[in-house]
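Two complexes, one shared chain (chain A), two partners (chain B, chain C).
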Partner chain A sequence: MSELFVEKYPEQARLIRLAFTASFIALGVGAVFGLLQALHRTDILRIVESPTYYTLLTGHGVFLVVTFTIFFLVGLYQWAVTDSLDRGPVDPRVTWTWYGLMSAGTIITAVTILAGFLGDPPEVLGSELSADVLFTFYAPLQANPLFYVGLVVFVVGTWLAGADWFRTWLAWSRDNPDERIPLPTFMVLTTMIMWYISSIGVAIAILAFILPWSLALTESLNPTLTRTLFWYFGHAFVYFWLLPAYLLWYIVLPKLSGGRLFSDPLARVVFILFVLLSTPVGIHHQYLDPGISEGFKFIAMTNTMFLLLPSLLTAFTVVASMEHGARQRGGEGTFNWLRALPWRDPAFTGMALAGIVFAFGGFTGIVNAGMNINYLVHNSVWIPGHIHTQVGTAVALTLMAGSYWLVPQLTGNRLVNRQAGLVQVVLWFLGIVFMTNSMYRAGLFGVPRRTAEPEYSFEYDIGVGSMAELNVQLALGGTLLFVSAMLFLGIMLLTAFNDDTEPLVDGTIPPALSGPEDSPPVLDNLRLWIAIALVLVVIAYIIPLASIVDRGGLFGPDIGPFPVFVQITDAIPTVFYSLGALIA
Partner chain B sequence: MRISPPRLLLIVAFVLVVFLEARTVLAFFGVAVSPLESAIAAVAVIAVLVYWGTRPVDEEPTEE
Partner chain C sequence: MNIHTYERLWIVGAMVLIVGFIATITYGSVGLGITMIDDEEETLAPDEIGEDERFADPRVEQVGEDEYAAYVVAQTFVFQPDPIEIPADSEVTFYVTSRDVIHSFTVVGTNTNTMVIPGEVATMTVEFDEPGEYGVICNEYCGAGHHDMEGELTVVEAEEFDLTDLAVDAPDEVEPGEEVELTATVENGLLEEVETTLTVEIGEETIEEEVVVEGGTSEEITTSVDADDLGEGDHDWTVEVDDESDGGTVTVGTDDGGDES
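This part shows the complex of A and B:
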């Protein structure tokens, strides 16, 4: 058994534990809000007024898909870089700075959201302290400026984290000039390249348009432009949730199965494809937006269909690695090897179940991605169905399962109660199937998403069964998910305090069957991939953005920067006259 | 026990999932199964599974 991570890198382990703590707190709050939404929408239990539902929903979205996922990501990536390069960061102060920025940003944003629950929120920076704008903050919905400030501070933190990992890698490669980038670090670096390229879009949307507008510095903005900038970032954002799960599937799952990763080169190809393709597809979230012509939507759709490739490659590589592991453990036959897998291990089982759900959710994603059938499901509750199978399970359940393996190595404590862990992952699986089956079916019959009152007073003609039945199913699924989330947090809390025990995990990652020596060196040429990614982005976005600005103006119709200049020039003589009057 | 508890748990979970999704699938072929019917069927199958799974391995079958 190798030395434990916490013994080898105590400071890194502390940082990762703190990142996971932030992540898990967000998961807990998000899960409470999720349960309340599930019960509210179905009119089973309503503890807030329906208008306050948007406060819940904003909190649910932001805490789960921004705080929970990204804090977990930075913790996991810190582990991956440290462990695979076998060294700490160049300057730990930088590491603590990005952690501090991310935490500060989270607190600022969380306060603005939670203030929405107050009957009479205070005035801050010229407007009411609230942020009922959902995690997509589409204009003209407007939040208190602090909401955006918090998001910016948080994102700057993640940028710094990426810079920190690049710096660690550069220092490592000076000491190891002829070595290939170790696979986990390669995954971290490519994820961050994708993140830099894409998050520029949302940064511009906030800093140039939304924040000044919320501070009343500018009078208006062009909603199509800010939406398009948001979605320029949005699809890469969903991969930012997904890639930590991929890292666990590629690096940890084969090991848990008792084997080795099938192919290191294939894993590199997959991550490069994400760098290239995850940004020039964003318009697929805007198929129904007016103001973007069909041709650009078609380009986005084509790119999106290409994105199926890395996911299918992943499915085959990961299942092949699992089969290899099962055969190492004595599994035989065409399908009988499945029985030889370590199903009693919650880390393994959680990831395997997450993978199964991901495959089904992927098929529903193809529906969303088709320009024509998208019209059927757009803005219906089908979309939260898709969200919960993908980020809500493929990602969330994988991260929870990964915690069962990682947290003992970060704390030096034994995982309490593996059986409870197994029950937890199975409960999540059941809960998600119940909840999303209901969401998908209801969505197909036009039941809307993002509303406290999906039914008002009319009857949906549900093809199979009744609305009442779908509601019960949704509430039941949501409750199972909630119980599962609480069980997970309980196990983590007890493990954190489970001192004087020895963990039972072994942290060594075996080498891949087909290792980096089999992959062409060009795969590690990050500059090349960045260049190609930028070219694709320019092709997909320059003309649509130009035409949006041309039609709707940079700051909204008739409010361009030009009259502002005119006013300044008008003002100059006035200033001189007044100065002259003063002197005279 | 004829089967380890973790496996039994997983199989029970999959049975529930199969029954739930089967209703949707069957509806495509015009076969309507009510929630109650499918719940009863699922519970029956699970009961049999649990009964079978928790019997000692070396016990002689009690039924003919």
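This part shows the complex of A and C:
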């Protein structure tokens, strides 16, 4: 057994533990909000007023898909770089700086969101401290400026993290001039290239338009432009959640299955494809937007379909690696080898279940990507169905499963209670099946997403089953997920304090069956891929952006702000107003 | 590069699948002519909606034989007009814009669904075969009352559909011995002429008049009743044509009952 990570790199282990701690706190809060949403939407239990539902939903989105996923990502990537390059960062102060920036940004943004629960939020920077704008913050909805400031600080932290990893790699390559980039580091670097290229979009949206406008420095903005810049970033953002899970599937899952990765070269190809294709597809989130011509939507659709390729390749490699592992463990037959897999290991089982859910969710993604059929499901609750199978399970469950393997190496403590871990991952799987089954079906009948009260004066035309049954499934699924999340956090907490034990894990990653020497060195030519990615981005975006600016102006056709304070006192007049208007 | 045979097959299969998807969708939009929300319309600033002839008075209008335009304004947290009434089996083009934040205009259970972005005018042309009542909702979060944002789309049989508008001019007070004159202006928003019946009820009397209104014009119909036939006092009147109606009260003689305002 190799030396434990925590013994070899105590400072790195500490940083990663802190990143995971931030990530898990966000998971805990997000899960509580998720449960409340599930009960509220289904009218089983409404403990907040409906306008406050949107404070919950903003928190749920931000804490889970920004804080939980990205803090986990930076922790995992710090591990991957350190472990695969076999060295620490060039300057640990930089490392702590990005951790500090990310934490500070998170706290600032979290405060603005959570202040929305106060009956009478204080005034800060000229507007009420509140940010009920959901994680997509589409202008002209307006949050307190600090909400955007926090996001910017957080993103700058991630940029610095990427720079830190590049620097570590450059230092390593000076010492190892003729070696190929180790696969985990290759994955980290390519992910970060994708992140740099895409997050520029949201940075411009915030810094040039939304933040000055929220500070009343500019009077107006162009909502189509800020929305398009958001989605320029948005699809790469979802791959930013996904790629840490991919890293675990490629690097750790084969090992957990008892074997080795099938092909290192194809893993590199997959990550390169993500660098190239993740950004020039963002307009597929805007199929229903006026102000963008059909041609650009068509280009985005075509690119999106090609983006299926890396995921299909991954499906092959992961299954092939698992089969190899199973056969090493004595598995035989066409399908019987499945039984030889280590199903008692929560780390393995969690990732395998996550993979199954991901495959299913992938098909629903194809539906979303189809320009025409998208009209049926756009902004229906089908979309959170898709979100929860993908980031909410394929990613979240993989990260949780990965923690069962990684956290003991980071703490030097034995994982408490593997059986409980197994129960946890299975509960998550069951929960997601119920919850998303309800969401997908309800979405097809037209039930909208992002709403506190999906009941209206008309009846939905439910083809099969009934609204009541769909609601029960949603609430049941949500409750199982919540219990599972709490169980996971409990296990992690106990493991963190499980001091007087030795971990049972072995951290060594065996080399791939087909190693990097089987692939052309051009795969490691990051400059080349950056250049091609930029060209593709320019082709896909320059004309649409120019056309949006040309039509609506850089600062828009006079669009005033619309601050959202969820205060019941504010909401009552609007509700009456709308009731009045309905009657009149 | 060293690629396993099975892996090669898989890659080829994956590419075939992808190209297949693209071909299907392309056929859907080009071959079947399913159109998408587009950037056809000029931008329109929210504070200019009041001066825009389409949206100043949100409504449904006939623009051709079996062709209609519906001008809809979305704002926190209502749609105008509401309900929206359109004929079945006709081409209806919705023009939707927003007065404030991003909303959607979504006819539940159909693929009539568009984002409504302030500054932009979304258009989509649809045909409803089934008469009935459809729920219209906003499915993009637009603020605290988002879940209350709801409207109604009523699809009526093409033959029963009209765009008739009624305005009535009637006196409040008439001296005994004079005539009570009611002038109804019947406006026909359709392009074809309509033949319909105008019903006037006043006091105990009911008068029916056949009216023919050319497409896109209006007719004035005046009916009169002897005030003496009604007798002194307050008399309620109503005028009805198609689904439209108007009503009021006329007083014959000086009303010493009190209400002087």
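Following the convention adopted for this analysis, the second predicted complex is superposed on the first by the 556 of 584 C-alpha atoms of A that agree within 3 Å, B and C clash if a C-alpha of one lies under 4 Å from a C-alpha of the other, contacts with A are read in each partner's own complex, and residues count from 1 in each chain.
Simple rule for what comes next: a residue touches a chain if its C-beta (ideal position, glycine included) is under 8 Å from a C-beta of that chain, and two chains touch if they have at least 3 such contacts.
Source: prediction; values computed, not measured.
In the superposition on chain A, A:Ala359 makes contact with neither chain B nor chain C. With both structures placed on the common chain, the touch criterion links A:Glu469 to chain B but leaves chain C unconnected. In the overlay built on the shared chain, the residue A:Arg344 is in contact with chain B alone; chain C does not reach it.
By the touch criterion stated above, A:Ile44 is placed in contact with neither chain B nor chain C. Residue contacts after overlaying the shared chain place A:Ser457 against chain C, while chain B stays out of touching range. With both structures placed on the common chain, the touch criterion links A:Met371 to chain C but leaves chain B unconnected. When the two complexes are overlaid on their common chain A, residue A:Phe429 makes contact with chain B while staying clear of chain C. Residues 4-7, 9-10, 13, 16-17, 20-21, 23-24, 27, 32, 34-35 of chain B touch chain A in their complex.
Contact residues of chain A toward chain C in the complex are 50-51, 53-54, 57, 132, 134, 138, 140-141, 222-224, 227, 262-263, 265-266, 286-294, 297-298, 301-302, 305-306, 308-309, 312-313, 316-317, 320, 366, 369-373, 375-376, 378-380, 445-446, 448-454, 456-458, 460-461, 514, 518-520, 547, 551-552, 556-560, 562, 564-567, 570-571, 574-575, 577-579, 581-582. Note for the complex: chain A touches chain B at residues 343-344, 349, 419, 422-423, 426, 429-430, 433-434, 437, 441, 463-465, 469.
Here chain C touches chain A in the complex through residues 1-4, 6-7, 10-11, 14-15, 17-18, 21-22, 24-26, 28-29, 34-39, 41-48, 76-78, 80, 82, 100-102, 104, 106, 108-123, 133-135, 137, 139-150, 152, going by the rule given at the top.
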